[in-house]
Structure formats: structure tokens, C-alpha cells
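Quick one: this structure, given as C-alpha cells, is what I'll be asking you about.
Going in written order, the chains are labelled A, B and C, and every chain counts its residues from 1.
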Amino acid sequence: MSVSFDGGCGRGRFNLSPGGARRILFAGALSMTLSHSVLAADAEPASGGTIQYGHEQEPPCLAGPWIQQWYLQRQFSDNLVSRTDDGRFAPWLATSWTISDDRKTYVFQIKPGVSFTDGTPLDAQAVVDNFNLWLSDDPEKLNNAATEYFKRSFQSAQAAGTLTVRIDLKKPYEPFLDVLSQSTFGIQSPTALARGRQANCEQPVGSGPFIIVKWNHGQDVVLERNPNYNSAPANAKHQGPAYVDGLVWKFLREPPVRYGSLVTGESDVIYDVPAVDWADANKRFQVIRHITGGTPLRLQLNTAFPPFDDVRIRKAFAYAADRRKAVEVSYLGAVPYEGNGALSQSSPEYLSALADAYPYDPDRANRLLDEAGWTARDADGIRFKNGQKLTVRIVYGAGFLVTADGIQALQIIQEQAREAGFNVLLAPTTQAEFWAGKNRGPHDYEIQPSYWTATSAEVFQIVWRPDSGNVVNAMNASRLQDATLWSLIEEADQTFDETRRIKLYQDAQRIVVDSAAVVGFVPLTVTLAVNPKLKDVWLSSAVGAPVFHDAYFAK
Amino acid sequence: MSSSAVTLPRRVSPRIRETIAISARIPLRVYLAATVIAFFLVSAITPHLLQSHSAFKMDLRATLQPPSLSHFFGTDQAGRDTYSRIVSGAGQSLSIGLGATALSMIVALFLGVAAGLGGRLVDGAVSRFLDVLFAFPMLFLALLFVTVFGPSVTTQIIAVGLGTAPGYARMIRGQVLSARGAGYVEAAVALGHPFPKIVRRHILPNALHPLVVMMTLGVGQAVVWASGLAFLGLGAAPPSSEWGALLDAGRDYITRAWWLEVMPGVAIVAFALSVTVVGHHLQDRLEGRVDA
Amino acid sequence: MPIASGNRHVAWFFRRAIGGAAVLWAVTTFTFIVQALMPGDRALLIINMAAGNITNPSQAEIDAVNAEYGFTDPIAVQYLNYLWRLLHGDFGVSYQLHRPVIEIVGAQILPTIVLAFSALLTAWFIAIFMTVVLAGRANPWSRFVSGLQIVMATMPPYWIGTILLVTFAVYLRIFPVEGKNSLIGLVLPTLALAIPLAGFIGLVIQQEFVRVLEQPFVTSSRARGMGDFGVRLRHVLRHAVLPGVTLSGWAVGSLFSGAVLVETVFARQGIGGILVTATSARDVPLVTGITVISAGIYVIANILVDRAYLIIDPRIKLA
């Protein structure tokens, strides 16, 4: 196979002066060399064919800050850097980069000869335009993920040369590259972006391996190969255009229809293997699973009001139900149990000692509740105190934050917690109501399951930020305002010493888990089931987006 | 099904003879239907009597079991007995159906009687209004309500109740009109009886005669439509055993655990069917068509 | 046709059209009232939906959305704006899809109409077959079919649909699983809708059919040597279908309701599936738009049905 290394691995600015040198993160080079040598042994993959991909949810827009849009964006746009499975960064649109000693200036060298599929050249100015758009104040244009992650640290973006981008930050922000590797920060064509939000919703333009041809609303998105593609990440399986002619990204919401279409051959690959078909899929098809980083889908306990303002009662709830078994029975192996409620096992800072936090221990739960003064029980076995029942309302986004399997597991938890005396009520909320704030007012819930997808612990910045002034952090549903915790997170975000950084984040996890402000449930998981005749489909490390650039049909 | 004449010894009282004779003329299918309805009514009022297990008890070692002697309709993902869940869900499903039908009847009575008794103007206005409500496909009206007021059991009842009211209102209007034009009413008017008294003693009783039948048939349809809403995920919260919610939950498992989807559907069909059979029989008897 | 009679036809259509327009006006007003009662902050809803997550929007952002959609205008102004836009065919912009409602509905209405129409035809076909061949006879098949019709009429279309999908598409692979716009993909959803409707129509026309079979003119036809099948088809059917035709007007509404459920089950294109997503998204413009447009179709369908009735039964006067 022919591999072109134009400007890719191996080149860069090495200026290793002793002490306080500029640091360069280039670890991808080694892993990439290895993968190329393995591939050299295989025969040349065949071109041609169209991939029929059965996805699940249709987003309202083809580009945007929602995870469903990130999956699509990975197909038509490229990012500055690519995250590898071991948490390092490989060159992509940026062939090399440098970070200043004070960690506040990043300089990226952009790969020459790359253009967007509408002909606009991809140069430093295009990248700068993208940054400015993401951080603009116009609600029609801004990228919400950018606002949450780095708007506070950001100062300016400039084109310091035709192919040189310079980013200045107000204060160091260690997760910056991590954040930039997420596909919502794929670079789009400024010419296309200037068309306005509506046009960009329908047919966004990037430089990626596929071009969006048409969006058939309610049915599918048709993409075709970008024949001029020359900007694959360094950790891709090959450089150059995709092997297949095109990709049909279908929206099949119903699990029996989606899995059925794979079985009948109407789809070559599907997303989100239904739990009930997990065992069968593993026998018949190639199943790829990526456990997303960031926070898992965890139960956030409302620490601001009774009963969960008492840490003993929070711990009692954690011990009262066998969450591990509930997950095993409901997800049937498709999704593993995550006992560490603070961070997902895919994040490099994950503290595995916390994976078994709060195992099933009903005796302990009962003891804690008695200690906390909830000794009386009514005829149904529900505890009460001062005439109030021990009521726990679990408010969740039905069907979009918590899937049917998750709802099943919640019912098991409900039943078991009842035996310890908790009156658990499930309050499903439709998507729209949830986002309109229904059932999420401070007095409306005791537990709120939710997640935030990210690559690693930089997500703590978002979910544990304390309220300031009268701006309530809606992402912090546990309402835990712990000064120690926040100072640990802030320090970690600005520390570039890997060991120290990890230790800080792990201390943060310990605080979170010990306080039982959140209780573990399941990590967010991306699964694909692939027909054996389709090869080399993989999930990107950033957030598990499916990558079809390297895929081909076996003869 | 016809029956042969029953002859009884003369010593049995005429009343009992008559009852037995009537009962023998009722077709077998009506008896079967009545039994099914009785089963569901008992399930609704005292589910514990008919359940084989507790409806909420989970047995995590016996999940997704097919129908067997210990679990008549199999178990679900959490090991709950499907048969017991259906029995316990009867109460909720039936009360939603009854609630919707009651609401529907009240609205329909009001509109139908007003149209039938009022002058041409009132009749015209109400008829147009009914045309409007009729123009909404029932589920669309229900979904409009749910969009605005959010999904819940109350919305289910109101949506289905209002959606089915126009049809009944038209029927009642027709009945009132024909009762009003009947001979005995003319005679009463000629005799100088006050109108409200005529309405109360002659028109209403005769017009509303078929109401029982209408309600019986209506409950079946109401249960089906309410389940439809729950099937779309717009009904009660889990762990509700309401039949539509069971259908919604069972959908994902249909390829591996068909009993979860098929059995609640059978319950709905059985109930609606029995109610329809009994309703038609009552209708036939009212209209004097014995042994139809 | 004499001019006088032609005038009467025109007058008839005119009256019907006015009536239909009045009904539509009332429908739009009704939906406006219902949606104006919606609780919750609509601006916040729209912003969060666009972001795909819970956000902390600033007051400026909320004000911008309020200004765009006119949420803060007095209710009378909103109503008049709403009517004015409707007259121009502008149903507003969907909250979640950010596209004009008319565009969304226009693109998706055809599959639903195709589904409803083919279900109606199929239901009639089945019902007529059952009635002509089997009604009014004494053999056990006839009794079975009568009972079958009741069972068919009570089966929920979503239940039939799910079972058909799993049996014929997933297990037996006779039909495709995905409901694309192909003809063969139309078969199962059509059956799911047609079976209950066939039961209804069958029940209704069967009663009439049996009654007409006993009429004197039928006896005389037989006496003149016409075969049994011929009698049934040529003479009796024409009378018996009348109540069924009236029923068809109502059936359009019922088929649309059924289409919502069936399109969900088969993951088919159409306004039914869109309506369900729009409902959970509290996407008021889209829901009201679909409702009003469907009401319009229903009104037109009923006018056509009434016209068809006149053709079938010339005894009715153009009153």
C-alpha cells in the first residue's frame, strides 16, 4: 500500500535546550509506525461500494455541540489534533505544535495543501475564523462546548503566518488539546459558515473524508467520498481518500428494526447494539465497543435539601440497592457497571480503587438510616420521620439520557431500595420538558441521573464548578459546593506535570465518591456491530465516533 | 347460537322459569365474553386474588423466561411475572378507559341534548362545532394535548375522552331528534303538558336508552386508544403495569421474548372484544332482535 | 346537463367549501388556544434544544429568542399574527428542527397519504370480498367471518404491526425490515392499518347487505335467472356500501391516527412519526401545523366522500 507522509510524523521542531524547554507532544509517531508496518503485510484493500450504516438518533442539525452531531462531524471535517487510545496526541491538521513555557501560548503549524470540499483553502486564517465563531457572543453561531470548556481561559486566536496559528490563553488550560480533539471542534469552511446557521445545519462543509450530499429528513444523510482527501490523522490506518464510494447514514430508532436490518443485510454496520441482542451479535458479527470518557451516567444526589443533605442517608442509598446486579441484568453484558460515580474508566485519571465503592450491603444501609433517625416504618415498610416519608424522586430524561435498559435498571434499584425503606418514585421527563427545566428545580428531585461526555477529567471543570453570583451551574445537579474540591480541580487544570495532575484529579474523585454526592451507574458506551465483509471500521478515541475513512469491503 | 326450548316442571315459579328461558337464549359467546369481563373487573378491584406472583417482585435469576407452568405468560427483563403484571395493570387500564368514556359521555350528552332540543340555531352551531372536533384525527388531538400539558395519566384520560366525544354526541343528537318527533311527544304537547316535563318523562328516557350500550362499546375503544398513547411513551411512569406501558416496554424484546409484547396485546384485544360482544348483544336485545 | 342543474352542483360545492373553511378556522383557533396555554419557558426550551444540553443562557439570549418568536407580545397580537401567517401558508418554524413547518410537513405528508389511501383501498377490498362471498349464508364459514370481523375491528394497529414486522420481516424475511419508500415496504404497514378498518367496514356493510338480500327486487332478479354471485355483486352491493362510504369519511381521520402508531413501529417516513417526536419535544409549531393540515385533508376528504355518495345513491337530493 502506498503511504504518504507529507508533513506528518517525523517532522517537527525539536529545540531541546536544557531546562525549561518547549515541550512537544508527539507520542503518536511511534504507535503510527507500528501500525503501518503491520498493514504493509496485508493486500491492497479494494475500492468501491457504499456503506449502509444504521445509526439511531437524528440530530436537529448536522453540526453542533450535541454528541449525535459529533458522530456525523467526524465524517466530514478534520480536527487540529487527534487523540490516540493511550491519551496522547497525533498530528492531524496541525502537523506540529509548540506550547510556551508559561503554558499560555500555543502555536500550531497547519498542513499545507489542504482545502475544504467547497474549494476554500484550509489555512491559518480559516482556523482562526473557526475559533472566533465558536466563542462568539451570537447565540446563533457559538459552540456551546467551547463556552463551557475554554471560553474563560481564552484570550485570542491569530494567524501568525499563512499556515501558522497562534492561540493565547489568559491562564494555563491543560486539557486544551484534549478538548480540541473532540469532533465538535472540527474545522469547517469559513465560506460555508458565512452562509448562516440554516445552510450550515443542512449541509456543513469541512475537509474530511466524506462530503455531505443530501440530508433526507427523517430518513438518512447521504455522503460521498472526498476524492481529494489528504488530511487524515497520523493515527489513521491509511492516508489518502476513503476506499468506499459513499456512506448512507440512516436513522433507525427502533431497536428491533435497527438490529433486524443488520441481520437481513440491509445495513452493513449498526450503532448501539440492543442489549437483548448483545450475545447474538457477538456470535455473528464483529462487535466494537468504546467506553466513553468523562463522567459516566451516574446518579446525582441532591445534597442541598433533605433527605440527601445528610451524608449518612446518601451512603445508605448507595448501599441499599445492588446496582451492579441491576446493570448486569438489564444491559445483559452490553454495558459494564461503573462503581466510580465521578469518572469513567476510559479516562486516564480514573481511580480504579473506587470502582467498587458502595457495594450492595442492605444491613449497612439499614444501620445508617437508623442512625440518621429514620427508625419508624409504615405499613408498606417505608421509613418516615416527623410525619414525612423517606421519598426519593428520580428525575430522568426518558429515552434520551436514560435508555430503555437504563430505565429497567432504575426499576430494579427502586424495588431494592424500597426494602431498606426508601420510597423511590420514578419521574420520567420528555426531552423537551427536561430542557425547559421541568422537574429540575431545586425542590423537584432527589436524584438526577445524567452524564457529560469528554475524553478525560477536564470535564470536572464543567460539572463541579460552584455557582457564582446568581448563575446556577445547571450541570451540577448534586449541588455540591465544596471549596476543597474546586481548588483541586482548578490546580489540576493548570498543572502540566502529568503525575501531579493525575494525583490531583484522583484526590478530587475521592472527595466526590466519599461524599456520596454521586453514585455510580453505567458509563456511556458506543457499540457497533459490523458485518464481517466490511473491514477496518474503528471508533475514534476522542468520544467513540465511528470512523469509516479506512473501511473497505472484503472481496 | 340457537337454543332449544326449555321445559320445566310446573312447580317452579313463573319468574324463575322466565329467567332461565331468557338465559338459555343468550348465545354462548356472550357468556364467554361476560366471563372475560368479570375476570378483568376482579383483576381491577382485587388483583391479589388472581395474581400468581406479586406484580412488582423481581427475581433476578429468572429473567426473560418463556411461558411455563410457574409463569403462565413468562417473565420480563427483571424477572417479574408477566401474567401478574397484566392482572395488576387491569385496574389502571380499565380506570383510564372508564374515565375517558365517562368524560366522553358527559361532554357528548351535553352537546347532543343541546343540539337535539335547542332550536335550529343552537343545533346548527353545535353541529358545526362537532364537525370541527370530528376533523381532528383522535390521536392528533391527544398528541396536541400532550404537547402542551405534558404526558400523564390525566392527559391520557382527557385526550381520549375529548377525542371520542364528538361521535357519541352525534348519535345522541340523532336519538334526541327522533324522540322529539315521536308521536307520543306530539300528543303530550297537544295535551298541554309543560315542555320540561315532556323532556324529562318522554324524550330523555327514550333517547338515552342506548347509552348503556354506547358506553360499553366505548370503554373497549377507550382502552385501546389510551394504550396507544402509552405505547408511544406518553402515559404513566414506570413501574406502571398499565397495558399500553407493558406494550411499550416489550417492544424492544420482541425478537427474543415475544411473550412480553404479545400477551399484553392479547389482554387488550380480549377485553375490547368481550366488551364489544356484550355490547352488541345488549343492542340486539334493545332493538328486539333476539338470537342475532 | 341543463344549466339549472349545473348551478345546483356549483352551489352545493360552494356551500360545502364555505362550511369547510369555517371548520378549518375553528380548528386553527382551537389549536392556538391550546398551545397558548402551554406552561414553561418556551425560550429556554428552544435554546436548550439547539444546544443539545442544559445550558445557562443569559437574559440577552432569552430576549433574542422571545423577540424572534414573539412570545412576549400580547395574546391577541399573537393570535392575529398566527392567523395572518396561516393565510399565507406560513405555519411558523419548528422549535427543534429550525426549518419552516410547511417544508417539513410538505416533504413528509406524501408517504402518510399513500399509506392511508392504500390502507383504505385494501380494507375495502377485504371487506367487500368477505361480504359478497360469505355474508348472509348459513354455512359455518360465514359465521366465522362475522366473528372474525369483530376481532379484526378491535385489534390495535400498533400491535398487529409489531407482530407482522417480527414474523414476516425479521423471521421469515419476506419483506424488508426498513420501511423505505418502496412498494414492497408498504405491504406490512398497509395491512396493519387495513385489517382493523376492514373489520369495521365489514361489520357495517354486512348488516345492510343481509337486509337488502331479502328485498323483493333481489328475488325477482333471481327469478329472471341471474346467478347468485351476479345478484350479490351487481345489485345488492351497491346498496350495501352506502353506510360504508359514510364510514370512509370518518375512516380518513382514524387512518391518520393509526398512521402515527404504525409509522413509529415500522420506522417509516411520514407525518405520523414526525408528530410523535414533535410531541415529546414540545415542538408546538410543528404539532399544530401537522394537526391543522390533517384537519384540512380530512375536510376535503369528507367533501369528496359526500360527492361520491351522491353518485352512488342518486336518490339523495343536492339539498
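We take it that a contact is a pair of C-beta atoms (placed from the backbone, for glycine too) under 8 Å apart; a residue touches a chain by one contact, two chains touch by 3 or more.
Since the model is a prediction, treat every value here as computed from it, not as a measurement.
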Legend entry - Chain at maximum distance from chain B, centres defined as averaged CA atoms: A
Inset, instruction - Could you quickly compare A-B and B-C and let me know which has more C-beta contacts? - result: B-C
Legend entry - Mean-CA-position distance for chain C and chain A (Å): 42
Inset, instruction - Calculate how many whole Å lie between the centre of chain A and the centre of chain B, each centre taken as the average of the chain's C-alpha atoms. - result: 49
Inset, instruction - Report the inter-chain centroid distance for chain B and chain C in whole angstrom, where each centroid is the mean of the CA atoms. - result: 23
Inset, instruction - Could you list which residues of chain C touch at least two other chains? - result: 166, 170, 264-265, 280, 282-283
Inset, instruction - Hunt down the residues of chain B that sit against at least two other chains at once, touch-wise. - result: 150-151, 233, 251, 254-255
Inset, instruction - Can you tell me which residues of chain A touch two or more of the remaining chains? - result: 254, 256, 260, 399, 430, 433, 438
Legend entry - For the chain C and chain B complex, residues of the former touching the latter: 19, 22-24, 26-27, 30-31, 34-35, 37-39, 147, 150-151, 153-156, 158-159, 162-163, 166, 170, 250, 252-258, 260-261, 264-265, 275-276, 278-280, 282-284, 287-288, 290-291, 294-295, 298-299
Inset, instruction - Note which residues of chain A are touching chain B in the complex, please. - result: 254-256, 259-260, 274, 276-277, 325, 329-330, 398-399, 404, 407-408, 410-412, 414-415, 425-428, 430, 433, 438
Legend entry - Residues of chain B touching chain A in the complex: 56-58, 60, 63-64, 77-79, 150-151, 233, 237-239, 249, 251-257
Inset, instruction - Please give the residue numbers of chain B that touch chain C in the complex, ascending. - result: 29, 128-129, 131-132, 134-141, 143-151, 167, 220, 224, 227-228, 231-234, 247, 251, 254-255, 258, 261-262, 265, 268-269, 272-273, 276-277, 280
Legend entry - Of chain A, residues touching chain C in the complex: 59-61, 64-69, 139, 144, 197-198, 201, 217-219, 250, 252-254, 256-257, 260-261, 263-264, 266-267, 399, 430-438, 440, 471-475
